[in-house]
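One chain, chain A, links the two complexes that follow: it is found with chain B in the first and with chain C in the second.
The block that comes next holds the complex of A and B.
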């Protein structure tokens, strides 16, 4: 492409639409149109100008707004598809192969393709990240390519423009003027807070140029935001772990070295509809139970820096705190939230050693299901010896009782009962509501008396060091939006020819109504010729033409 | 049009090419790094072969302290298990036999139980007649430090105190023998 030389003598880079110096239209199309296209001041978008090396070609690709919008559309469609089947975090499978099988088994071949393409974990799939990255590249390059020429053009703009530039502006006026018209216009424009520059027989009044930077500020905010999101993938910046904590348990907090958490108590409180809450009575009758409070009373411990995991060193109480929904325990940049609960897990069972025939009790014993003892001695001189404990009894295998999990969901006990009457002992296998006597009929049994339970709190451990960056990105984004939306870049060009004729043109990037209001004041004060809105006239003419067609 | 103008133009072009290449390189590098991190995110906090094995101190059923760093110079066969885990139970007798064979060659076995009661662990150890120390990780802190997910998981620690290998799932007796050979001091 060749450089373009304007009639005024200025040499413009290829792709320029309006002469950088005088404003004349440089292409035939523009010369024939009634109004000029003022986007980017008619400058050449930088990327259009050169297209030689591979780098230039890549650059040009990303500079295109069409490409940017296409990427956004693809991202939206992908995100939409990602909502059709559940994401892997909500699937009841943990290992990679189990997850894959789950999708294949539950959703058939669609599920298999879905998993293969990475839709099951969309935000972590490499092509989705690559697309977001391409959007970031597009944002940076498209902004640079437009901002730099626009900035230069506005910085170097001249006061005097060619009449052909002025009469193609949307707001235009031509007519006789007085000797002091220019001075009066200048005074009034300055009063209206315009920056006014004069040159020979003309003036340029300008206001709110910074509004033109709004979109670019906005994009900087977006880039910072994306940078923050990128940091989340880097270890240490973002933690989101779950922790199930039972009442009475002390556990190391996952991903938080040196800290331990103990649950003292979990509480689920419902609205009772009585007393002060009577006003809710009607609503409660309608919808049933309504939770008022989920709360875990915890104690946070910290071990000394040099303490080893597992070591029973002196741990210090850092804080006692009731964790409630939306009121997390916060410490050292971490936050622990109340997320879930399970009520009434078995904790301890009480039995009475009973003579089967006489129903006479030889005393009671309580077996702690979390930490059972080897032998329980009763006052009567009888003993109950625990031979085996199966917290989640799931049946026998080769005559051996099995446990499915370490949790006391279905406790089974193999016990030997010894009483003064049966000193050689009787063996019994006890599960809930069932007793087996493997070595023959016994005289004694353990009769179930009562049970103690405990609640389990589902907590989430979270740390997000990227929040300030995301906040900053969001703030800059909003500043950019406000800058571009609530402020307007307004300009007036006024020239007085040797015969006293006034040429007037006005331009704004938005809010033409506001521009006209300003201009009305100047026109009145400086007795400028009446202006016309050429866009309105074009619209009117088109409308009339259409109506004419309809009539004929 | 003199030489000067042309030169100026050329240097401008060069500057542009360098600028564009640099900006693209930075952006592509950032994306590449993000994808790499995301691909490795799942096991990022998991220990890797070659890492220093995190030190810990646990108490066995006899009340003896076992500190990992005390075994430096010996190979440590670190087995995480639970009584409810069937493959764990299956590999225990083989581990015990191989321990007998290798204990004089400087290979130590530590079986780390995940937060079960003394009673359950003791009766399990008695039932299988285990001769190596069995320790209980009451607060799951060692499990957390090693980021153990499935059971059984075995971590081989070499005499230098570094992780030689991480095995998830059941091992055969042959496997166990080979692994102990791997961490046997010279």
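The block that comes next holds the complex of A and C.
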């Protein structure tokens, strides 16, 4: 394509609609239209100019508003589909097959189809992420396609424009003027906080140009936000671990080297409906119990880097803190949240070694259910040897006891009992409900005495270094939106011809009402000729024509 | 009288003031036969005064309830929905000050009344906050959202007025159908209010046990005669009506019963109106919009969105994410309420692009504004009551 030379001599890049220098219309269509199209100042947008190579086609595709809106609508519909049934993260199943079964069992054929189509994990599906990616590309390309030429054009604005540019502006006036008209107009416009530039017999007054950058600024904010979200995939930026911590236990914090956490106490408090909470009585009667507080009192320790492994005495207390919902423990860029809990987990069980016949006890032993000992020696000289420990006994398989989980939900013990009377030893398998004696009837048994329990806190360990980036993106977006929506770009061009005639044109990107209010003041002060809103004239003419048709 | 009682009395005052103001606004618009706007201005001033009095009472309700409960009254279905009705009126007052349009009040106030009446059908006793809600972010996040939604809803009201004026009701068309569908759905809400009030006034209750979708035993109390029975239900109340249809475990027959009763009563009401006036509801309203300045309505609709959209972004996305990060350890988790907030935001973003980039003004814009309101209501009603998630507090 060739450059376009205007009558004024200025050479414009191909695709320009209004001469960059004098504002004359360069295409026949624009020359014949009553009003000039001022969007993007009539500059050459790449997408409107080239359409040959594959790159042109891609560029044009993504710079189109229609395509952008279509992507938004498709994303919107897809997001809605993802809420028809719960996403897999919210269903009580963890393995791939269990999840599939859950959808089929709970939701029948709808669930089966939903799962088959991958909608159970819609928001992490490749096509959904691809859609978000397309939106990002569209944001970048559509913005560049418009911003670059607009910026250039507004930066290089000439004061004097060709009369054919002026009389095709929506606000236009032509009429006689006095000698000091221009000066008076200039003073008034400056008073109204316009930037005024003059050149020979004309002036250009401008206000709020920065509002034109609003859309591009808010798009930059969105891009920064999406970039921040993408960064989380890079190792080190983002940590999400869970930590189950029992009362009294100290554990290394996963993925947080050098730090340890001890739980002193877990507390679950419900509303009582009494005293100060009496106002809640009615509500509590209706819904039952309502939790008031979940809290884990923790101590955070740090082990210096040069400490010897296993040397516990070098731990320093960093902080004592009650972690509650909405009040995470924060340290060194990490945060630990109260997310879940298990009340009354079994901690230790106490048994008495008892003679079955006489009911005589040979002493007691307490088995720690997290860290049991191999052999317990009683004062009487008897021993209890723990041959096998099954914290969550789930039955036998090939004669072997099995454990479902490592948590002490249903502990089972395979023990050998040795007493002075039975030095050979007797084998017994003990669970909470019953005792099995696999090798024949025994003389002794372990009689259950008592159990100790404690609470377990479900904590989440989190680090998210992308948060400042996301915050910045959000802030820039809001600034851009305010900049573009609540301010507007107003301009007036005024020229005085040699015979004293004044030409006046005005333009704003929005809020014509505000522009006219400004202009009214200038017209009055500088006795400018009365202006017309040419758009209104056109609308009126069209309306009259329509009514005319309706009558005939 | 304690603070909680004072609070509910103030809500009554607000309700009645809005009701009166509706008719005065209607009279102001209708009385303007010559289109000179003189009487309209005078009666409009009376009506807005009544509205403002109602709004002050409404604010009084809000803050006295805050005092009574010890937390911002935005924590359950009753409180949030009532606040939505209030911000809707607040948004209207702002736009009335800017544009002086009584006809807007004639549409907004009845909708606000419907919303407040709808809210009152939910348990309204003072309820305690669960740990996740015990933070100032409750007041910050939810109040911003409810203000934004109130303002955005004004744009739908302006859109509706625009459509009432431009849609030709004498000819069969898609537009005529959908416009009447909007009116019909408003009457359905009225149906819900009427039928709920009726059965709660008569003290209807029927208890059942059933088996839920996880296969566990559960119990339910119907407050309306059960049309649908829960999965494998057993009646506990002796003289209760036997459900006509038993639903599978997936469907919550109790809620479905409420919906069907509302539809039945709402439809009866709708056809009664049609029979009495022998006109569509849209046609009944048509004379009121005769003098409406279309350009102005378009401008109000747009203005409401450019005020509401940034507030919505701030409240429903930015504040929401900050709080989610503090309470749930992640700023975003694709919880249904979060997703629908994003959908609402994307929708209004699309609206703005179509309007500013594709020149969608006037009627197209008006339809979009009405759809936006439908999305907001869906997020409020359906997402809370049907789609379970972290936000189902009601």
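FYI, the second predicted complex is superposed on the first by the 363 of 552 C-alpha atoms of A that agree within 3 Å, B and C clash if a C-alpha of one lies under 4 Å from a C-alpha of the other, contacts with A are read in each partner's own complex, and residues count from 1 in each chain.
Methods note: a residue touches a chain if its C-beta (ideal position, glycine included) is under 8 Å from a C-beta of that chain, and two chains touch if they have at least 3 such contacts.
Since this is a predicted model, take the numbers as computed values, not measurements.
J.: Scan A:254 for contacts with chain B and chain C and give back first, second, both or neither.
T.: First partner only, chain B.
J.: In the overlay, answer first, second, both or neither for which of chain B and chain C A:35 touches.
T.: After superposing on A, A:35 lies clear of both chain B and chain C.
J.: Have a look at where A:235 lands relative to chain B and chain C in the superposition and call it first, second, both or neither.
T.: Touch partner of A:235: chain B, not chain C.
J.: Touching A:89 in the superposition: chain B (first), chain C (second), both, neither?
T.: Touch partner of A:89: chain C, not chain B.
J.: Using the superposition on chain A described above, determine whether A:104 touches chain B (first), chain C (second), both, or neither.
T.: Touch status of A:104: no partner.
J.: Can A:192 be said to touch chain B (first), chain C (second), both, or neither?
T.: neither
J.: Let me test your reading of the model: by the given contact rule, A:335 touches which partner, first (chain B), second (chain C), both or neither?
T.: A:335: touches chain C, not chain B.
J.: A:159 contacts which: chain B (first), chain C (second), both, neither?
T.: A:159 contacts neither chain B nor chain C.
J.: Identify the partner contact of A:404: answer first if only chain B is touched, second if only chain C is, both if each is, neither if none is.
T.: In the superposed model, A:404 contacts chain B only, not chain C.
J.: Determine where on chain A the residues touched by chain B overlap those touched by chain C, and list them.
T.: The overlap between the chain B and chain C interfaces on chain A is empty, containing no residue.
J.: Give every residue of chain A touching chain B within the complex, in rising order.
T.: Touching chain B: residues 50, 53, 55-56, 58-59, 94-95, 124, 126, 129-130, 133-134, 136-137, 140-141, 144, 227, 230, 233-235, 250-255, 257, 260, 308-312, 370-374, 386-389, 391-392, 402-406 of chain A.
J.: Which of the residues in chain B end up touching chain A in this complex?
T.: Those residues of chain B that touch chain A are 13, 16-17, 20-21, 23-24, 27-28, 30-31, 33-35, 37-39, 41, 44-45, 54-59, 67, 82-84, 86, 114-120, 122-123, 135, 137-145, 149-150.
J.: Please output the residues of chain A touching chain C within their complex, sorted ascending.
T.: Residues 65-66, 68-69, 72-73, 75-76, 79-80, 82-84, 86-87, 89-90, 92, 106-108, 123, 240, 271, 277, 279-280, 282-284, 286-287, 290-294, 324-326, 328, 335, 337, 339, 460, 462, 464, 467, 470, 474, 477-478, 481-482, 485-486 of chain A touch chain C in their complex.
J.: Mind pulling up the chain C residues that touch chain A in the complex?
T.: Against chain A, chain C makes touches at 4, 68-69, 123, 125-128, 130-132, 134-135, 137, 213-214, 248, 250, 306, 309-310, 313-314, 317-318, 321, 325-331, 333-334, 336, 339-340, 342-343, 346-347, 349-350, 353-354, 357-358, 383, 387-389.
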